[in-house]
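Here chain A shows up in two complexes: once beside chain B, once beside chain C.
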Partner chain A sequence: MAHRLLSSSTLLLLPRTQPSLAARVKAAVPVQYANYVTASSVVLAAKPKPKPKAGGAKVVQTKGRANSFRKKISADEDASEGSIGGSSRQNEKYYKPVTPVKVEEFLPSTVTKENIGQVLGFPSNVLPALNHTGYPTLLNEQFNLIKPTALVVRESTVNFLEKIDKAMKTPSAQSRLVLTGRSGSGKSAMLLQTVSHCLSSGWVVIYVPKASTWVNSSFAYNKVFDSTTFVQPTLASNIASQINSINKRALSKIVTSGAVKVGRHEIAQGTTLSALLEMGTKDPSAAQDVMEVFMKEMNSQNTIPTLIAVDEVNSFFRQTQYFDQDGKKLDPEFLRLPRLFLNYISGKSSLNHGAVVIATSDSLLENKSEVLDIVLGAKQVSPYYRLPPNLVSWTEGLTRFDVPNYTRTEAKGVFDYYKKGNIFFDAATESLFLNRFIISGGNPRNFFTACAKGI
Partner chain B sequence: MLHLLGVNLPDQKLVQYALPLFYGIGQKTSLKILAALSIHKKCKVSDLSESQVTQLSSLLTEMTIESDLRKQIRANIMHHRSIGTYVGRRHAMGLPVRGQNTRNNAKTARRLNGRWLKAERKEYSTATTRSIIPTPDSPFESFFNRNWF
Partner chain C sequence: MLRNFARLSGVSSVRIWAPRTPIQTAARATAALGKGPIASFHKAIHPAFDAVTSNAAVSPSTPLPPPMVTSSQDNDNDSRVVSSTPANDPTIEVEKAEVSQTATTTTTTTAVAVATAADQQGEEVEEREERDESTFAEFVPVSSEQEHSLNSNPILHQLVNTIMMDGKKARAQRFVADAMLEIRSRTHSDPYQIVLDALELASPILKLTPIKKGSKMLQVPTPMTERQRRRRAIMWILGASDKRKGEKRFKDRLASEFLAVVNGNSGALLKKNQQHKMALANRANASLKY
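Entry: the complex of A and B
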């Protein structure tokens, strides 16, 4: 057994064939470690190597004992020798270099019926805007995996964007569209594409990727004096700064129609809306009033259309996680900022030119809205079932737009994109595509996890 | 570290979970306090403003917590003892008070009952009334304040 302690006496006792191995082992091991032999040095000695071995790098001096099983070999030595210790070299199948995929831009001109199934990336002027607001949680995972941020052009995308384009000159109360569909069917993605389309077309866009954070008690709130409503100063200030950074160019051309008083500040007539929002960013206590004045000014706008896009909107149609002073949970209509958006969603306030697009989300059970599910027909109940009247009043007149699963061409386009993005363990063949498409049933999110994680 | 009414509230803790560190405040009263002061549930102790801290301390001083509550509990039990009831006797013996079986399973009672009848510890108190058990002063003071020699 070669890993035992070899001394000169044992050498003499070994048969004729062995001395050569022993001699080689002895030669392989540096002089100071002559009494310690490890399995690695034996194996290395077995392969005749012209390169002289660096002293001491391979063999670890175990104090007093020749414990050859505890071999610690330096990684670079090992990688170069290509022998045992492959654990230090990264698994080539799993760790692949990140290669950005070359994609065309998602522009109004490129979103046509011919391009269905093509994966188009967000344009260079849209990406910084989306970085300000952030992305929806689960989509973010996909975007972090494959660069650049890109989504596939679907048939439903083309149809939906046609509707949006028609809504450009009409009041927003007439175009209140809600994207519905099963979990993972691409509602948030469609909303992102709408946002990108409108930004490229020059609209003023107000995008809220996670409406649930507005009502889950993560922002500070104060009661308004002499009122039953509450204000969220930091949230309003954040939203004002986001809107300003996304739409700076468009907003610096629009001015206020009259003088207003916002908190402690006086706004003169003719101030740009961009400057107004900046003031809201700097002074959180005035931010809510700034937002209300801003939305009022956008109402009367006739030159630039406005898009209000809200994701995870079901959290606006249920009790919030905030408490009123008696300890009862608040309805969203008592929080000024969600109420401002609810007014536009329900049609109580309307923009002269624009659209309101909202998307539901099944991500978190705590955000689930029974009222919205029933009104949109996702849940069937008896007609005698009593819905809370104050929440139902906000859901009137919504136009439903269903987002289906992938068709074969769309899925193939996505698969090719994933292939270029280098996320497959195994060879990305046609049979693998069929396998993944069938087991996911065409559901976009399941298709992604099936491709990326093999489950 | 926010030091409030004798209790250290760690800065990184959520206020919702820091308030129960007071003796006499549990999960429910903590949420009630947050609701009354309009503090959001994910607020950390370090996020509280000065005005909110003063509001909080004024609200807490109105409630019976900490040493006031302990005195109240001790007083209630001492009352039973002093009038010589069954309940008082059971507290003194360290046995179950509410009619439980003692043939088996009286472990908690044996461990915990009777601790309220022992000497009181010195604590931060907002109450002005003196306790019924005499507090030990410093040796110097107790020498000069006693009536017997």
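Entry: the complex of A and C
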């Protein structure tokens, strides 16, 4: 009975699991208009749907009483701003509809030297794809503030995308690029732009915005029988579903080259990769094998190039938060899914046509990787310092690409975008721009903080 | 001692002693050539004051209100002085010119231009008036960037200070700034206005002061200053935000609480209404003297 209720409508609310206001707003607005939240949709979502009398499962009985006269409607438990006291009305005076800023689209044709300093928004076919994977945490804060989701075209962007275009026809082992730079200098943003560029160009893109969640023991893990490795079923199935939803059109044209056995399932020759990934989504226990088969198929692809983009990659180059049976912390090579990606990052596996782009992140201290910092030259140590050998072997052959701070034109472009997005309290004059630019030293994150928060 | 008080109040029109004879004034004037402090007592200009007044925006976006003039007594006194000491005008003028050279404000430079261009007697009074107006405690206009600053805006500053614990001001400023950004993300409208309205909605008008009359403790409704009212509102809002479950970070809870006040369902509003009810109930005690 319950599963039929689940499948009938997306807006059906189950007892005791009423989603938060944000989730209800999301449900009330179709995905493609997700950036255009209107006041009315917020109000609609704010009012919980009237409980139908037919569905007896809607009401929650008070504890300990089987008496039907004592049925109590479950109160809205979540802490939305309109929910104390049950009624969730919102003062329309303050809740205004989103007015998106007018920006051009970030397409391969518009990313040129003439457009350096222009803020370009992600194209309409790329946005739903990025909604599936999510955005990096701190960038998300900026994207929530001003709509539409847009990033500035920088000189380093133009240079980097030229490199990516050259890598289109070469094996991925030759183009393993790592974006480095100071904290807040725009590495994740550049990775996002690369992802968007490749999606617009028709590549198959595998984007991981937060690799740290893979190794911080937030997903369940099992030991594989007769092996020292561990597998994360839920994670693998999530990744499979994400890849499928982003690249559905491209993947439905590629078929498997041979028959394989994946877990309990038999995959016939000629099944589309899209169907393969769907199977992995439905069956988490087979998801890891599905991922490995999928990556093997993509290796031999010659028609469509593939991009593997991993953010917060420094968490793959240090001990994970998982424990083995002896109570010692696991290295990432013992987790099957991170290891699969590490193979491509280190060049041990290679895609025929494609590139691997990774970015480091200074967000959390617990994700910092000493090995990666030393190998990339960010940290200087004595030559006698012993690096853990098993981690160093994964870092060979990476090409470093430094992301600098904003130049004056780029910062001005961003400032104009913020001005149109109306986040300044007062007159956004040239003197304010200079003030903010100098305070932040051109560092993109500090520039945003100075502009948006005034500190 | 009295002279110091006069200097502190910045009023040069106060005559502590008997009006000086021309000879005395001349002697002082010559002695004062090159010495700042004595001249500054007469004119209430001080090297330090000059530095302060240069903070004014050079080209403000909105037209400035005219500078604050303390009184018209100055002009009267000065004109009396001028009329009684015609012989000493050149010396006084030299002294003034010298002092004005050291000044850095644009108004004084214009005054110098006036002084040098014009003839002695007629222009002197004007020039002296202009100089005195500009050298008094000048109205320093708040530039538009500073109005919503967490440091200079009194309301936001009070909010920051109330949130601050153990002297960690930067942390408190970060909280307030983040909360305002969060409000902006959720409502897409001006968060400063929302914070202002929320504080106004949650501020009580009266507080109850307990007094002992005979053996009984009576509650007397008493008025509150603006700052007291606002502080009470902030304390209630902070208390109500702590009760929020599900939101982990302080800035999220604070933002939600401001929005809840503005939407009409917050614990802070309940407290305010309760206090008002108590004040109403005890309104008979308001006339008691204590």
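The rule is simple: the second predicted complex is superposed on the first by the 357 of 455 C-alpha atoms of A that agree within 3 Å, B and C clash if a C-alpha of one lies under 4 Å from a C-alpha of the other, contacts with A are read in each partner's own complex, and residues count from 1 in each chain.
To be clear about the criterion, contacts are C-beta pairs under 8 Å (C-beta built on N, C-alpha and C of every residue); 3 or more make two chains touch, one makes a residue touch a chain.
This structure is a prediction, so every number in the text was calculated from the model and none was measured.
Once the two complexes are overlaid on the shared chain, A:L432 sits against chain C while remaining clear of chain B. With both structures placed on the common chain, the touch criterion links A:S285 to neither chain B nor chain C. By the touch criterion defined above, A:F219 reaches chain B but does not reach chain C.
Looking at the superposition, the partner that touches the larger set of chain A residues, chain B or chain C, turns out to be C. Touch criterion met: A:N144 reaches chain C, while chain B stays clear of it.
When the two complexes are overlaid on their common chain A, residue A:N343 makes contact with neither chain B nor chain C.
Judged by the touch definition given at the top, the superposed model places A:N299 against neither chain B nor chain C.
Comparing the two complexes, no residue of chain A contacts chain B in one case and chain C in the other. Contacts from chain A toward chain B in the complex involve residues 216-223, 230, 321-327.
The residues of chain A lying in touch with chain C in their complex are 20, 77-85, 87, 89-91, 94-99, 141, 144-145, 423, 425-427, 429, 431-432, 435, 452-455.
On the chain B side of its complex with chain A, the touching residues are 31-32, 34-36, 38-43, 47. Put simply, chain C touches chain A in their complex at residues 61, 144-145, 147-150, 173-174, 177-178, 180-181, 184-190, 192-194, 197, 244-247, 253, 256-257, 259-260, 262-267.
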